[in-house]
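First subunit A sits with subunit B, and in the next complex the same chain sits with subunit C.
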Partner chain A sequence: MPLDAPLLSIEGLRVEFASEREPVRALDGVDFDIGRGEIVAVVGESGSGKSVTALSLIGLLPRAAKVTGGRAMFEGRDLLTMSAADLCATRGREIGMIFQDPMTSLNPTLTVGFQIGETLREHLGYGPAEARARALELLKLVGISEAESRLDQYPHQFSGGMRQRVMIAIGLACQPKLLIADEPTTALDVTVQAQILDLMSGLVRKLGASLLIITHNLGVVARYADRVVVMYSGRIAERGEASAVFMRPRHFYTAGLLNSAPRLDSPVQQRLDTIEGQPPDPSRRPDGCAFAPRCTHKIAACAQPRALTATDTGAQSTCVRIDDIAAGRIRWGGKSGAAPVASVVPEEPPILRIDNLVKHYALKPGWRTPARVVRAVDGVSLSIRPGETIGLVGESGCGKSTLGRMILRLDDPTSGRIEIGGRDATHAKGDDLRQLRRLFQVVFQDPYASLNPRKTIREAIAEPMRVHGIASGGRANARVAELLEQVGLRPDMADRYPHQMSGGQRQRVGIARALAMEPKLIICDEAVSALDVSIQAQVVNLLSDLKRTLNLSYLFIAHDLAVVRHIADEVLVMYLGRIVERAPRDILYARPQHPYTRMLLAAAPSPDPAREKARSHSALIGEPPSPFAPPPGCAFAPRCPLATDECRVAPPPLRETGPGHQVACLRIDA
Partner chain B sequence: MSDASTNLHLTARRTFGKTFRRFARRQPLGAAGAVLIVVFIICGLFAPWVAPYDPFDTDFMAVLEAPSRAHWFGTDSFGRDVLSRIIHGSRSALALGVTASLLGAAIGGLIGVMAAYYGGRFDMIVQRLIDMILSIPVIVLALVLAAVLGKREIGALDLNLVLAIAIPNAPRAARIIRSAALSVCRMPYIEAARTAGFTDARIILGHIAPNLSAPALVLVTAFVAQAILMESSLSFLGVGIVEPAPSWGLMLSGVAVSLFAEAPWTVIFPGLAISVTVFAFSLLGDALRDELDPKSRS
Partner chain C sequence: MTRYFLSSLGQFLITLFGVAILIFLLLRVAPGDVVEVKMRSGGAVVSEETIARERARLGLDRPMTTQFVDWMTGLARLDFGKSMWTERPVVEEISTRIGITLEVAVLALVIGLAIAVPLGVASALSNGSWLDQAVRVFSVAGLSAPPFWLGMLLLLALLLYAGWQPPITTIRWSENPWGHFSQLICPALVVGWRLSATIARMLRSSLLDVLNEDYVRTARSKGLPEKIVIVRHALGNALLPAITVAGLEFAFLLGGLVVTEQVFNLNGVGKLLVQAVGQSDFTLIQGLVLMFAFFFMVVNFAVDMLYAVLDPRLR
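For the complex of A and B:
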């Protein structure tokens, strides 16, 4: 076999899922190659078939799925027709695999050293001592300090980022020729994500292996991939060099996807560009271009299928109008709106005011652990005026959701005061609380879990209205129809159950349910982070529109700085229970001052290959410390490039450094 | 929802016959179970007309007769017709089995959901109480309850016997429902209901309970069998149904067992009646569990 032949060559891959009616084609002819030493990214939204592609390569498709056509030639052998024994010998030995969730992909009852060594014992016949020595080497390779003692620890003693490092060590243990990573950093915080991706791509290059990354995150692709395959509804929309595809997309789906991703480097606008509608149901996929129903430039020819065709950028696209795009005759145009309007009325009293709010969880002493106190929220004050949106940003475990839950009165604060609509809500109970609850509502993160599966959409929206005596009977029904239209759904969807709707539609129902109470304040707890990029843009736009028409206030809790930038008036950055920086939106993004804010902004990937490849990530170090044992002084000091001894004495207070700009850092000059 | 206007949105009001035919097509086994249960209920309700003989009629000329054309299931040691006694016995078996299991699951289920929902000290106390009750053998507890409560009959149904059978099963139901409810209570849609200012009763009964119908149905169908068997044990011990009243449990216990070798029909047929009933209930329960899941509706 010639050395320049691709390592893996997938041709015409088709996968069907059995269903009650006719089988559903999850993959409808997927072709691409992975060269030796190449990093290839498969990008797509949920349901595009990107994970099915990866799973079919390693024979881990769910039982209902069947490969119905195509080949996947790996080193001259077809992975799809390989015997079970051969497949076992190939998996782990020649093809390494890294899964999405590091919390569940390691066995909690076995030590980390054993789990790394197991691959070596299984495939290479290592003895226990040899395996241990090599496991130690591997742990050092993936950057885990004190590797010697870490070998005998169990997965729960590792943080999420550390576990994903261990997964990489396992994936690379036998020096495979190909490493497949399925959403390897989706479950990780943004500062950790960048470190893991740097590590993974660096190691793959060093070992001369190939890497197949499956991801929905366009920024990840831009930063690391040599080539990219854009998938839509079980087919390839466009594939080619990453820089070509991202800088000069030649498929309207690629262009639309790139446009709808909120970015840190684009001009701030009130509305994001969106792709309207949603991906087709795979059982009712059009024969022609699957994207045509959502495309603003579709023509009659789009109804005919088109094979991947070479474009002027060296990529291949299935778009019928490649030449028109290349010639610049048409461009993807979403609906962009006017620049942000100041909607805040400063004179009005705040709708929400919280004062020095604290939540400490006391943990009882365990068998070998002393009693501890977790300072989930450690003295946070903020106020929101009518019509104002406050963005609350931080990584997992920083206390942002606990803060939201206390405001919602789902958790009781340890100390501090919550005032809603001028009334003390800190300890409100019974009818008092019930009345206050009409003022504030919540939209949760997970659109699948936030609607009761046993209730129709109508019941979900109408019940709060009936309970609070806002409307009942026919009036409630009319109001349900009105609310559904307001959030962009058809009123006839009211009699559906949640499982009959897509994720984006459910999130709209969640918003309609919140609006049913006619609240003044809505707390959005990661309300768009579980949604696909094109759907996320639709929901962010919906929230901004509602804010303007209904004069709502939002507390927008999120980990994604780019999304917050498109919706918030003021941004608060939280780290380990405290606010470390607060500033009006434009000031914060233009002139971030706290080293943590700067680190967050540096870590956020952006879908621009030129920009991404140029920047260095040396500034990213460490992971957030355990909330059980926070450092005595500034919590960020252990990761901070500017930290001095003074920082480690006491937590720095928030200081004013400019108009409306407060920073909790001793090293920043006012 | 009960609003009249809601119905306008439904395409057509389905008749019972249509609903059942649809159910039968999707869940043939469950439908078979339902038919069997209906047959037993009809037998029980119209026992005097369905049964070929009076269940109390003794015929000392025909003691322990093998099944024949005159006595399909044979006769017992008093010469009573076994088939007639089974048909009459289905009254108490069904009424007692179903009410006792429903009641036990309802009491236990409610306690379990409340323990999961309120948590903390309430949950702790409830759990320890359940531990205490579970440490007493079920039959002993039922026996004590039946003896202490005495008899309070409404028609053919002894209410206190129902309680005596239901209460010992309730802690088990509480345990099972509590663990299922714990995960439901943590779902965001329950928190959404709390932030909507719903009362605890509405959240527990209207929002959490419907999501527990799967384990609850399995529980109830399993309890039906247990309740029928417990009735027989209690009857044998003399605190349940008393001879000569026809009871499946009684027919299976006492003298009948010692006659098994020479007259197996006196034991086999009532045993079969219990097995078939239990089987029918579990078929129906499984089918209902699938059918009540909104995800399975098209």
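For the complex of A and C:
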């Protein structure tokens, strides 16, 4: 086998899922190579088949799925036809695997050291002592401090980021030739994500292994991948050098995807570019270009299937109009009304004002743990005026959702005051609370979990109207139809059930349900985080439009700074229960002051290979401290490059450093 | 840790107190008492005076609160009182009979687990196949056939086809270990089958859940042979819910062998309870019920402890 031959060569991979009707083709002919020492990224939205591709390579497809064609030649052997015993000998030994959710991917009842050493004992015949010694080395290699004592700990004693480091240690334990990482950082916070990716790609390069990284995050691809494979609806849309594909996309899907991703480094438009519509149902995928129904430049020839064809950039694309794109005769133009929306906030009394809100949870003593107090929210004040959108940004565990729940009065504050529409709502009960709740509504993150699966869309939207005695019967039906149109759904969808709709459509239903009460304020708790990029852009635009036409206010809670940038007027950054920085949107993104805000901005990868590869992530260190044992003083001090002893005494208060700009940091000069 | 134990102990005592009040009241709401049963059964004519005298002797004529306080102060000194029928201490009545019940219950649990674990695992791994169906039939049969009926069938079958029947009189372990064992094995088999059905079904469904867990996929991605994946990574986690069920069923057996003991003519606490109820022997019933409640809580506590051993997240 020549050395320059690819390590893995996938040809014509087809996978079908059994279903009650005819089998559904999840992969419809996928071809790409991975060279030795190369980092290849497969990108695509949910349902594009990217994870199925990865799982079929190592024989871990779910039961209902079957490989129906193609080859995957790895070191001269076909992974798809290998015997079960050979596959076992390959998995873990020659091909390591890292999965998405580190919280569930490790066995909760076995020690971390054992789970790392297990691979070594199985494949390399290590004895228990040898395996332990090597597991210790590996833990150190993946940057876990006090590795010796952590070896005998269980997964639940590790944070998410640390668990993913452990997964990397397991994946690399036998020094495999190929590491497959399926959405390795999707479940992690942005500052941790960058550290994990740096670690993983660094180690892979050091060991000379190849890396196949499956992701939906274009920024991740731009930063780490040598080559990229863009998948759409079970087929490859475009593949090639990452820089070529990102800078000069030659498939309209690639272009559309890149345009609809909210970015920190593009000029602020009020509306995002979107790809209208949604990916086709894989059982009714067109023979020709699967993207054609959503493409603004489709022509008759798009109905014919087309193989991957070389483009002028050195990449290959299945787009029929490669030449037209290359010559600049046509360009991707999504629906983007670039008309800026005037966010003039009239000087009206605030619709919501919260004052020094505190939520402490008292935890009962456990077996070995004493009673503790978790300061989930520790003195937060903010106010929202009619028509204003406040973005509340922070990583998981910072208390942003608890704050939202307190405003909704789903949780009672420990102390502080909530004022809604000028009335004290802190302790409102019964009818009082019900009346207040008409003023504010909520849209949750998971549109599937927040809709009752046994109720039709009509019932879901009409229910709050009925409960509050606003409308019933025919009037309610008319209102439901009106609301559905308002959120861009067809009124005849009212009789569907949630499972008959896509994620984006369900989130629109969630918005329609919130609007049914004609609220003044909507709390969006990670309302677009679970959606694919192209769908996310549609929903963000919908929210901006509704805000303008209905003069709504939003409290937009999110972890993604780029999304917030597109919708918020003012941004608040939260860290471990406290606001560390607040500023009008443009000021915050142009001149962030708090070291944590700067870290967040630095960590967010942007879909621009040139920029990303030039950037250093060395400033990213540590993980948010446990809310059970927050450090005294500034909670960010342990990770802060500027921290001094003074910072570790007491939490710094918010200080005004400019017009509307407040920062809770002692080291920033006003 | 000490705090945890203390708070558990506190909950124990409160629950026992509740059970004590309940059983005390319930017994006195029901008509009749031991004196009437003793003296008037069989239609004997006894004067009201004699009955009143006997009631006074047993303290049954005093106000209920006084009786209750007396009983409670006794309990606080671990004095459970005397049987109103035999007038021997309740503790003595129970202790001579508890052994056989415990032995049957433990043996039934062992048999139940020995059948349930392999069956549950086999049917989960062959989900939907003929084997899975066969296990399901076996389990449903075990659940739906009443133990006393099964017991009689078993005895009949032994007599008809093997010409053997278990010894009728109680044989002590010290006298004849094999004879003693042969008295236990039939009831334990009958009860164990039923137990195995519940546990196997629980184990099957929890193992199916666990097999879909991400960490099982991780184990497979490490290239571990399927056998190790199942035994080491899946089974340990899948056993947790099965242990809860086994614990509850076992605790139930300690007080619930009532019918089985009748069928197999075993002189255990189940039979004692039936007797005591028939004789309206209040103190004995109270003592037995308190003991059953105590067993139930101890077994539950043991299950909690076992959970903590098996699942490090709970430690």
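Details
Quick note on the criterion: the second predicted complex is superposed on the first by the 661 of 670 C-alpha atoms of A that agree within 3 Å, B and C clash if a C-alpha of one lies under 4 Å from a C-alpha of the other, contacts with A are read in each partner's own complex, and residues count from 1 in each chain.
Assume a residue touches a chain if its C-beta (ideal position, glycine included) is under 8 Å from a C-beta of that chain, and two chains touch if they have at least 3 such contacts.
Worth saying up front: this structure is predicted, and the values here are computed from it rather than measured.
The superposed arrangement places subunit B and subunit C next to each other on subunit A without a clash.
Contacts of A:123 after superposition: subunit C is touched, whereas subunit B is not reached. Once chain A of one complex is fitted onto chain A of the other, the partner contacts of A:434 are limited to subunit B, with no touch recorded for subunit C. In the superposition on chain A, contact is made by A:458 with subunit B only, not with subunit C. Angle at subunit A between subunit B and subunit C, computed from CA centres in the superposed arrangement: 30 degrees, to the nearest 10. Once chain A of one complex is fitted onto chain A of the other, the partner contacts of A:105 are limited to subunit C, with no touch recorded for subunit B.
In the overlay built on the shared chain, the residue A:467 is in contact with subunit B alone; subunit C does not reach it.
When the two structures are aligned on the shared chain, A:361 is found in touch with neither subunit B nor subunit C.
When the two structures are aligned on their common chain, the gap between the nearest CA atoms of subunit B and subunit C comes to 6 Å. Once the two complexes are overlaid on chain A, none of the subunit A residues touched by subunit B in the first is touched by subunit C in the second.
By the touch criterion stated above, subunit B contacts subunit A in their complex at residues 1, 3, 5-6, 9-10, 187-198, 202, 206-207, 210-211, 294-295, 297. Those residues of subunit A that touch subunit B in the shared complex are 408-410, 433-435, 437-438, 440-442, 444-446, 449-455, 458-459, 462-464, 467-468, 473-474, 476-477, 492, 494-495, 497, 499, 510, 513, 517.
Partner subunit C is touched in their complex by these residues of subunit A: 58, 60, 84, 87-93, 96-97, 99, 101, 104-110, 118-119, 122-123, 154, 156, 167, 170, 365-368. Of all the residues in subunit C, the ones that touch subunit A in their complex are 1, 3-4, 213-215, 217-226, 228, 232-233, 236-237, 308, 310-315.
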